[in-house]
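The same chain A turns up in both complexes below, where it pairs with chain B and then with chain C.
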Partner chain A sequence: MRGRVNLKCRYHKAQSPLQQQQRRQPNTDRARRLHPASITCVSNFSGRDWDDNARYSVRSEGWRGRVPLSVPDARLAPECLAPCHDHSVRGLWRMMLLVALLSPALSGGLKILQVVLPGDEVLQFSPNGNNERIILGPGLRWHENNICATRSGLLKKASKNFYYVDSHQKRYIPHEKEFVIGIILRKKGDNYLIDIGGNEPGTISCLAFENSSKKSRKEMKPGDLIFGQLLVANRDMEPELVCIDVFNKTVSMESLPDDGIMFTVPLHVARMIVNPENIYLMSIAKKINYTVIVGFNGRVWLKTEKQRDMVAIMNCIMMLEFMSLEEAEKNVFRLLDSFLVPVQH
Partner chain B sequence: MSKHACELNFLSRSDGSALYSIGNTVALASVNGPGEVKKFNRLYNRAYLEVSYSPSTGQSMIGERALESVITRTVEQVILVHLHPRTAVNVTIQEMQSDGLELSTSVNAACLSLLDAGVQMKSTFAAVTCCLTPSSTILIEPTAAEMKESVAVATFVLDGQALNVLSAHQEGCLNAENFNACLKACQTAAKDVFNFYRQALEKKYHTCNEIS
Partner chain C sequence: MKEVPLSTCEKTSIVSAIRAGQRYDNREFLEVRDISLNFGKDYGSCTVTLGQTRVLAQVTGEVVEPRPSRPNEGKISISVHLSPMAAPHFESGRSNDLVDELQQILERNIKESRCLDLESLCVLAEESVWQLRVDVTVLNHAGNLGDACNLASVAALRHFHRPDVTVEEDGRVTIHTLEEREPIPTFMKKVPVCLTYAFFVVDDKCYMLMDPSEKEERVSNYFYELVKLWIKVKFGFMRFGWLLRQTLVPPTCLPS
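And now, the complex of A and B:
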């Protein structure tokens, strides 16, 4: 029992509803009450950009809420849908409607400004007592009163003072609160070592699953897939995952069943398909029933009844790497049809 | 000035790659990182950068090691290494064709592959080679034949913002006045290289433009 009590305290500290409320997300509780296990916080994919000789640090905040980058005002972003669709896509429609109702009126929307290279100056900003605030997302850093880009990509502006660079990357860098699909490498004492695609393997405690205690643990073998949320992930520490949320309930799924397929896509494709405004996965669902789980480390797990359908949907999702969304939407039905043509014997 | 051409994301398995050519010299660079690092090379507060260069013919020997160390020291100044402690960034450069401009083609290919991989950097960088002929003309990006006839060859790696010199490599006899003239000529030519980078990346981001 002692182990169980410690677990609650530990995980509550990181994700207590009170703390999240203090971060000015008034819609959080309501969202959670309505769909307790299915709407969860999706991502916070910016790190902190440090100046290497800094005596002070300028923190660039990530944003909580929708990873899909259409959040008009980061501070009021509602918690987003879990990236898990089920066979009947009705559940997903309900969630999307709910999210649309909860989000405040769009004020300006998302603007794509320009393609930037590292070192490009975006703005001049010197902090004075004016209470002006600029929120920097991933890919930007503040150096000597200039805000410059650190990666190549599209500079986007989500609200009147929120900027970030959207880049097309393949390598995953772990960040807190992101959902990832991991592969179990081995058991190490009371933890499992998991490969999440970053520079070092993450760990997950055997107790970090729903309904597990010291007596009854979840046994998993190397090679199993697991879908969890990163509790601790910064550049200095080993990443840690959990499969439960604040209420000690499972976050959509823990270990994924054996009969699906998992493949890797670039990170921007994973973020694109999780966007609730993006109907790509829904248009595929019109033809085939399937279950998909998207991890922010670029790993996507898919399951359908027939193998041919799995390969078809896998190719549809991988097409997004090279095509723009409009082109892919036009081609998706043609591709699916070519796979679904019955084999002539 | 010779023609520049490049293709980004050339290799499917690397985090970033670029096939780059200046005239008849072609190099392929691939970047993997920030990723796992051997215990021996692990640094507690920054990323470990490793550059490996393979020539198109023959074994890699001392000359290639010298080239690797020049490229490593240039790239280290530019990548934000303190953002990724205990990781390694591996840059691998393969020379496909050589017409005398190995250093500048490799350095530019490395820069483009780092841009493609999304490794965080302070600025972009570009290398420009020039040579001084016996009649005191400065030729930018000479061919191997022109370099043979020249008095001195200088390569400058310049940074993308203020065109400061990140590294300089020079062979032959140059007095101070000629050295400065070469530097000025290279700084002017570097602006074209940076425009080329910008065009290559704009092409990459506009073909897969998301609606959101």
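And now, the complex of A and C:
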């Protein structure tokens, strides 16, 4: 019995129509393959905002279409947990901090998968006019010829030169273009106030849904769930969500029906299960058919036909918090069976 | 920070899971989560872990003057602190309903039940008595704080040993250090045990869940807390929280 996973976090650019005219259309064929090495341009970052560095998190932008049953050739380091499989060069990466020039002798000094604590010196370098570059992701910072860790966690490598610190984090910090699941708090004028797990509630306009105009609006009550993309999210403004993409179409971004189950996982688990290299969700799908929507704020929504299955899969996903993937894969069927045994009451 | 709102989806899913006979962590309805008690190096320090809920209680004592109305009795004071470490919506320093409720539970369980023999805490009548101070800090809130706080404070009180005291003839009181003389344990005549139940009313049926987790607490209709004083067959009732316009609980629901 083959199950299907209907993974609903899809990739879309949330841009205003003006910006859309200025950019060319994304190449959908390239979108299916992962080419991290092609990303060399790391613009849009001015070196002076050091504090911003620590706030960006590594995200993966989701699939276009169904999750294929055969994972495509990733060309990423195997220990990578959250690849950014996004392919057009500019503007779609959020992690960029610094391009530093390294002398070749020092590039071997960074050890992967070492545990770092805040303040640990990871590497010493001084910029030389050489070819090697190193790209620092979230959790790493360059200060006075030292690369230091700013978070505690594992030092990981996402591509040839891209390093970051993967930490256990539950508190969500909103970023642009991330897909999140929000809970509607109340209606405020023409907008809805939504709780996305950050320090401020976000807003979504009533018109930011497909087929909604001033005359026919989408009506939602407080307590409803919504899956949308963050259009604006920086520390000086309150976050703003949309449920349509640049072509004004809803593609699986909508208000979620009430009869599913929603739970919160730490952020690294949400990134882990969305990772296309990761077949955890698909191994659960071998036993049960289900639909899952993963928000990057750690909220996951599930639906199956039977109530009992939902609780089982929820526990399987929450198990990933403290287990590595290999351990989780070994234990997942045992856990599912233990939940599916009917209990007498 | 404000508390994260509960979505309609979560509420309906918990209730329908209960109707189907299942709890989120696959417990029985009357099953309690794993409890572990860790005592510290100092006397009177105890950390209780009830599932994911974690509470720390610390008992300290000092010699003070007694209350004029009760010159032979020692004093106990209990205070509960909800640290922001426990949940994002807790703010330290600001009193909120939950703190008041927990303090009320603990005071009723320990003080009003007279489980501790306060007269044994007297050093010199009308002049000096021991004042025990119980400080309870909630380290992590994952449901059922009442039980955990009660367990922690009772365990800390039973773990606490007070230093030995000698009274000279001229009325001077010498408190010996722990190295000089063996400290004296506190004696509890009765041990208050607190059990919390959450009730869900679904389709004219009432389901009773023991040791509710955080989500179950928030979704439940009614909340009951039963305090049983061990050894002596006497138990008291308290209802608090989301209260009741109609008394719903049939006598068969209650454990004997």
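What we mean here is this: the second predicted complex is superposed on the first by the 216 of 345 C-alpha atoms of A that agree within 3 Å, B and C clash if a C-alpha of one lies under 4 Å from a C-alpha of the other, contacts with A are read in each partner's own complex, and residues count from 1 in each chain.
By our rule, a residue touches a chain if its C-beta (ideal position, glycine included) is under 8 Å from a C-beta of that chain, and two chains touch if they have at least 3 such contacts.
Remember, it's a predicted structure, so these values are computed and weren't measured experimentally.
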First, second, both or neither for A:Asn199, with chain B first and chain C second: both
Partner chain(s) touched by A:Leu241 [first = chain B, second = chain C, both, neither]: neither
First, second, both or neither for A:Val274, with chain B first and chain C second: neither
First (chain B), second (chain C), both or neither touched by A:Ile147: neither
Partner chain in contact with A:Ala285 - chain B first, chain C second, else both or neither: neither
Residue contacts with chain A in the superposition, chain B compared against chain C: B
Touched partner set for A:Asp224, first chain B, second chain C, both or neither: second
On chain A, the residue positions that both chain B and chain C contact, one per complex: 171, 199
Footprint of chain C on chain A - complex, ascending: 171, 183, 185, 195, 197, 199, 221-225, 256-263, 301, 307-308, 310-311, 314-315, 338-339, 342-343, 345
Residue numbers on chain B that touch chain A, as the complex places them: 15-16, 32-37, 80-88, 115-124, 159-161, 194, 197-198, 201-202, 204-212
Chain B contact footprint on chain A (complex, rising order): 47, 49-50, 52, 68-70, 110, 112, 115, 117-119, 121, 139, 141, 148, 150-154, 166-171, 173, 199-200, 235-236, 268, 272, 275, 277-278, 320-326
Complex contacts: residues of chain C adjacent to chain A: 1, 4-13, 16-17, 20-22, 24-26, 28-29, 88
